[in-house]
Amino acid sequence: MDLTFSDDLLAFRAEVRAWLESNQPTGRFQPYYTEEGLAQHLEWEARLFAAGYSAPGWPKEFGGLGLDHWHQLIYDEEYARLNLPERVNKMGLLHGGPTVMAHGTPAQQEAWLPGILDNSDIWCQGFSEPDAGSDLAGLRTTGRIEGDQLVLNGQKTWTSFGVIATKMFALVRTDRDAPKHRGISFVILDLDTEGVEVRPLRQLHGHAGFAEVFLTEAAVPLANVVGPLNEGWRIAQTSLKLERGMGRGTHTRMLHTVDEIARRVGADPDTGSLERLGSHRAWAFAYEQATYELTDIMSRGRDEGALPSILKLRLSEILTGIVEEERNILGARAEQIPTGPPEAPLPSTQREYWHARAGEIYAGTTEIQKNIISETALGLPREPRP
Amino acid sequence: MDLTFSDDLLAFRAEVRAWLESNQPTGRFQPYYTEEGLAQHLEWEARLFAAGYSAPGWPKEFGGLGLDHWHQLIYDEEYARLNLPERVNKMGLLHGGPTVMAHGTPAQQEAWLPGILDNSDIWCQGFSEPDAGSDLAGLRTTGRIEGDQLVLNGQKTWTSFGVIATKMFALVRTDRDAPKHRGISFVILDLDTEGVEVRPLRQLHGHAGFAEVFLTEAAVPLANVVGPLNEGWRIAQTSLKLERGMGRGTHTRMLHTVDEIARRVGADPDTGSLERLGSHRAWAFAYEQATYELTDIMSRGRDEGALPSILKLRLSEILTGIVEEERNILGARAEQIPTGPPEAPLPSTQREYWHARAGEIYAGTTEIQKNIISETALGLPREPRP
Amino acid sequence: MRYAFSPEQHAFGESAADLFAKRCAPGAQRLSWTDDSGRDPALWRGLADLGAPAILVPDEYDGIGGSECDLLPVLEEAGRQAVPDALLEAVFVGPFAIGACGSEDQRRRWLPAIASGESRVTVALSEGGLVPDAHVSDLIVLARDGELWVHEAGEVDLERVHVEDPSRRMFQVTPRTQGELLPASAELRDQVVARELVGSAVVLNGIANHLVSATVAYAKERQQFGRLIGSFQGVKHLLADAYSKVELATTAARAATWRVAAADPEYLASARLARICAVEAEFVANKVALQVHGGIGFTFEHDLQLWLKRGKALEQAHGGRYQVARAAGLDAVESAQRAAYNEEDD
Amino acid sequence: MRYAFSPEQHAFGESAADLFAKRCAPGAQRLSWTDDSGRDPALWRGLADLGAPAILVPDEYDGIGGSECDLLPVLEEAGRQAVPDALLEAVFVGPFAIGACGSEDQRRRWLPAIASGESRVTVALSEGGLVPDAHVSDLIVLARDGELWVHEAGEVDLERVHVEDPSRRMFQVTPRTQGELLPASAELRDQVVARELVGSAVVLNGIANHLVSATVAYAKERQQFGRLIGSFQGVKHLLADAYSKVELATTAARAATWRVAAADPEYLASARLARICAVEAEFVANKVALQVHGGIGFTFEHDLQLWLKRGKALEQAHGGRYQVARAAGLDAVESAQRAAYNEEDD
């Protein structure tokens, strides 16, 4: 055991912190799905890009900083520590881009990756469908080969960043006769293709950046398929694994929320509140340390086993516990918001509250994670198939 | 709505209370499975019998008090209020006897019921088997018809009162070719029958009144079968329903335990303990009221629906919460006992603790109750059969 | 004993349910969100025609002189249909407060109009707290310096405070005059508090009841992995747990309402206990409902949000989750001490 | 950074595991229940031969001068095998307390014998609390009037206090003499407390780890309804939940041990956090283990009871569940206030 950060990492932290602190935007941004908000986000993204800070995890050959897992963690911690704006091209940077790097042809890489870096293209993910949520492989959107084109029909939903995206990486069924997990292809499509309609999907807390995407005879070049045709499920594992893995700055934000509760409790401490606070603080600490442990494992190239699922499961439960406690402490004031719904999105307390509860559902529900953990880590038998 | 006890019930309560208070035994009894304890219990039982208080719920024609549901509830509340000794012939009084009354022949009733009343026979239940716990219908003990005899082979377990019982009502498989829930018969056997071996089954908290019962070519008269041959599953529902229903004095004992915690918290109240106490008190109140509601429903002959399962599920969770809280309040003292194990059974705090946890398992585990509730009350589909 | 509603009570609840279904269906409620008032005068008129605000007004002031139990089915149904109106204050706590705590003169002046529905009352029992539906109320009962005061609508300034649930209308009320003191004893004020606690529990139980039943319905039609999701134990057990808690909480609230109505010596403690169960049961139902609905439940278009947000608001309103639990803990301590004292006495 | 044990630490843990398997298998442990001492001198000799009590004794007193992290695999394993011995006190808290808090003279007198295993030490840090394994200890460290005192075995009266777990040996210790004061600062005493908290967390994690793995094994062989019970989501989800909590608690305890060993500024707060996670995780594992085993787990003959009872005892020992949570809550308040102060300072 050795739980100290190396001098190299400490120096890197200082460097990142210094740059972020002196370059951070002033004031809070509007949501990215408003015109003003998008402009603010893109300006900030441009500043990151200019400084080479746009894609810390990408290899240098693709324009990234080529950071290893530990340096990325430090970067993400510092970014989260200052509560800096969400990266609007997250789906391209963390999911689509790395998948193209791993499975795309050199021509595809050359065509698509630069646009992610400089935000000339904003990417979104087209995996979920109305009837394919937890059961992702139950997707029904079809891709029909016609000459050198793939003609798409179907509906995608829960497309984060969908309202501002220009490109989507999607899973479509290209062989209807194959078993459920086969016959799926991974394809990139321009959202201005004819036959593509993007409708904003507003959430109950007012967030309106997600979208539903309707595909009606939308023709994309067959050359846009990443990896072999009908091998899309395997290809998508790259992206899904990243999604189910850690959000590298999550523990920092979690600890920050606990601090906020601690400050409120501190104003009038009583044993009941202190006991609950102590417990929340304990699990936030455990989650932070488990994030480090996963980073340690990944940086050694060792098998992560079920640890990403364990982290996802515990993360959502710890976070919902914390945000519920925030409501308890605010009491009757917990429901108050500065401006009237339904026009405006909810302010941070309520937004984070619902977002934490969403965490038990997206990227594999709590129930799905428990299935994965019990079957892979514990080796318990699968449910009998009906 | 009308939630007052009638004058008649109030008068009955006063009468029962007066009798119990002036006739109650002094001092605590030894456990019934010790020689001294059994003598103490039987002497108390004889006093109850002499006063006609032995079987309040049995019809007068069978020697009971013929009390209706509400009067029984009052009786049980008063009995529990004074924390009087457990009835050692509970299995005969509440389960075996009523089943014989409902399904037995007049000859069977005449032969067996008086012995339950005056404790010349103590009854136990032979349902559970090592491989048939939650899956009770998976029982393997067989009954082979030979002439006018039923020859039993197999093993019963978790037989409460088994070490002092003289008779057992058991489920045995009399038709191996029938589907799982068919081909089972309900039979009464004398435990001194040749081929019956009773071994005490000690529990982790030292209680040694349960038994395993081994049956090896044990021959009982075919006339001891209650109800038609191979209809035992249906017959047993009478007994199971009683078991899954309420223990009529349970709410009284639960409220008593909450009072004990309240007394300890009162010595040094802090908000954390008060909050937890308040919550436990609330659910104990809800459980008490739901017990009354079930009594109300039963006394009107209306369908109880899933209410008995709801009460069983909530009872075990409320009780384990309360006994865990008792440990929290005792802190490091929670583990202390007056005499050394493993010879002596644990004293009341620890005994009640483990007994409460056992409540999540016996008479249908928490998981089984949730299945029952979700399928009967909520109409959710069954699991697909493998 | 009889836990079921009487035929009259049942019929009263059914009439209210019909009225709510007609006036407050989710679609209509959504239209009200962008409406300045957000309140439907026809709903109030309908309730007045049913006699709801008259139930707790004594006969001699043109009321019905009924029992709190009579209003129980209406409040449960208001929760079950997420009725966008501070009914709890307008038909339950408010009329009782003025009837029980007002002077003979005050009662004579205010109660007949309250009973007829001509005059609407609202209440805030936490000092300085927001007042629901103050903008459509003619009388506002406020707690100040440990006493209850009545203000008429013209004598206060209202500032709307936006809240998460767009159906709720909450106001900061600043009186311009001193108002009229309700000359009540502490005991009578406790009776008002008990009605707020138990009424709030009843509404929460209605909300929780809907959350569970709507989710059960969804689990019976949603397929994943080639099965109805309601056939997975992972889903069934969550729902059975929530359902069983809501059932017990509902029974507890009915029993506590009876005790409150009967001025049982334990009425205040019982009201607290009922509210604790209701909050905890709704909390679980709220969690399970959204979890089992999954993504669809998060959409602004799905009506589940009406109950999700109302439930979260009422968990914290009317006393605060942990504050009530602490008070109930103290009640238990005191009652245990009394019991010990009586035993020694024996 | 490296969370895994070093090869040496791993090997040390393996050796201890082998020793425990040889000396403390459940069958052997049961025999000790009726034994007056209940302790196996060969186990202690074996541990001494492995160097366990020497790890925290500095070189200059014939110790090994190792780190708390070196003992971590041994303590985890002691929990995993439910070792019937107060190892936590004898090899972890005790040697450290005397080394860190003793005077030079005291260290010279006591540490070499502790390191060799000739002299065994036990500790009770809660004033007036029971002392584990006092009957086989040569030195007893007690907290009194906020200070730490050492008593030699011959100078105290012991009264055995029976406890639920028949493998534990607890004593009320009444000193006949004043004993020797360990002249420690409050800071040093905190370091002793932190070791008790974190070491207790590590042992609990070992217990919880066994509870989960034994239950998983049972769920893979027990059939009901024609299926392995481990194939029911109702069982799988319980186990996944418990397992994931135990995993996080284990990581937290390792990290906190590191901080304690490194005298990190947050060492005491971290030790408390680790113990909170360990208690909560073991609590869930304990519940799930018995629930999934069902009746068989309740029998006196089944070995599950060793871990069930040990776990329940350690949930309450070494600080008390809620007491530690409160202290950790206060730590969080203070740390948040410091952070706010620093931000203003920037």
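All chains are identified by letter, namely A, B, C and D, in their written order; residue positions are counted from 1 within each chain.
Following the convention adopted for this analysis, a residue touches a chain if its C-beta (ideal position, glycine included) is under 8 Å from a C-beta of that chain, and two chains touch if they have at least 3 such contacts.
These numbers were taken from a predicted model, which means no experiment stands behind them.
Using the mean of the Cα atoms as each chain's centre, the chain most removed from chain D is C. For the interfaces B-D and B-C, the C-beta contact count is higher for B-C.
Each chain gets a centre from the mean of its Cα atoms; for chain B and chain C, those two points are 39 Å apart. Note on chain placement: the centre of chain A and the centre of chain B lie 53 Å apart, centres being C-alpha means. Distance between chain C and chain D, defined via averaged C-alpha coordinates, is recorded as 50 Å.
Touching two or more other chains at once are residues 271-275, 367, 370-371, 383-386 of chain B. Those residues of chain C in touch with two or more other chains are numbered 227, 232-235, 237, 322, 326.
The residues of chain D lying in touch with chain A in their complex are 1-6, 9, 69, 72, 216, 219-220, 227-228, 230-231, 233, 235-237, 239-241, 243-245, 247-249, 251-252, 254-255, 258-259, 262, 270, 272-274, 276-277, 280, 322, 324-337, 339-340. For chain B in complex with chain A, the touching residues are 270-275, 384-386. Residue ranges of chain D in contact with chain C, taken from their complex: 232-234, 237. Note for the complex: chain B touches chain D at residues 128, 130-131, 133-135, 138, 157-158, 201-204, 206, 272-273, 320, 327-328, 330-332, 334-342, 346, 350, 354, 357-358, 360-362, 365-367, 370-371, 383, 385-386. Those residues of chain A lying in contact with chain D across their complex are 1-6, 70, 258-260, 262-263, 265-266, 269, 271, 273-279, 281-283, 285-287, 289-290, 292-293, 295-297, 307, 310, 313-314, 367, 369-371, 373-375, 377-384.
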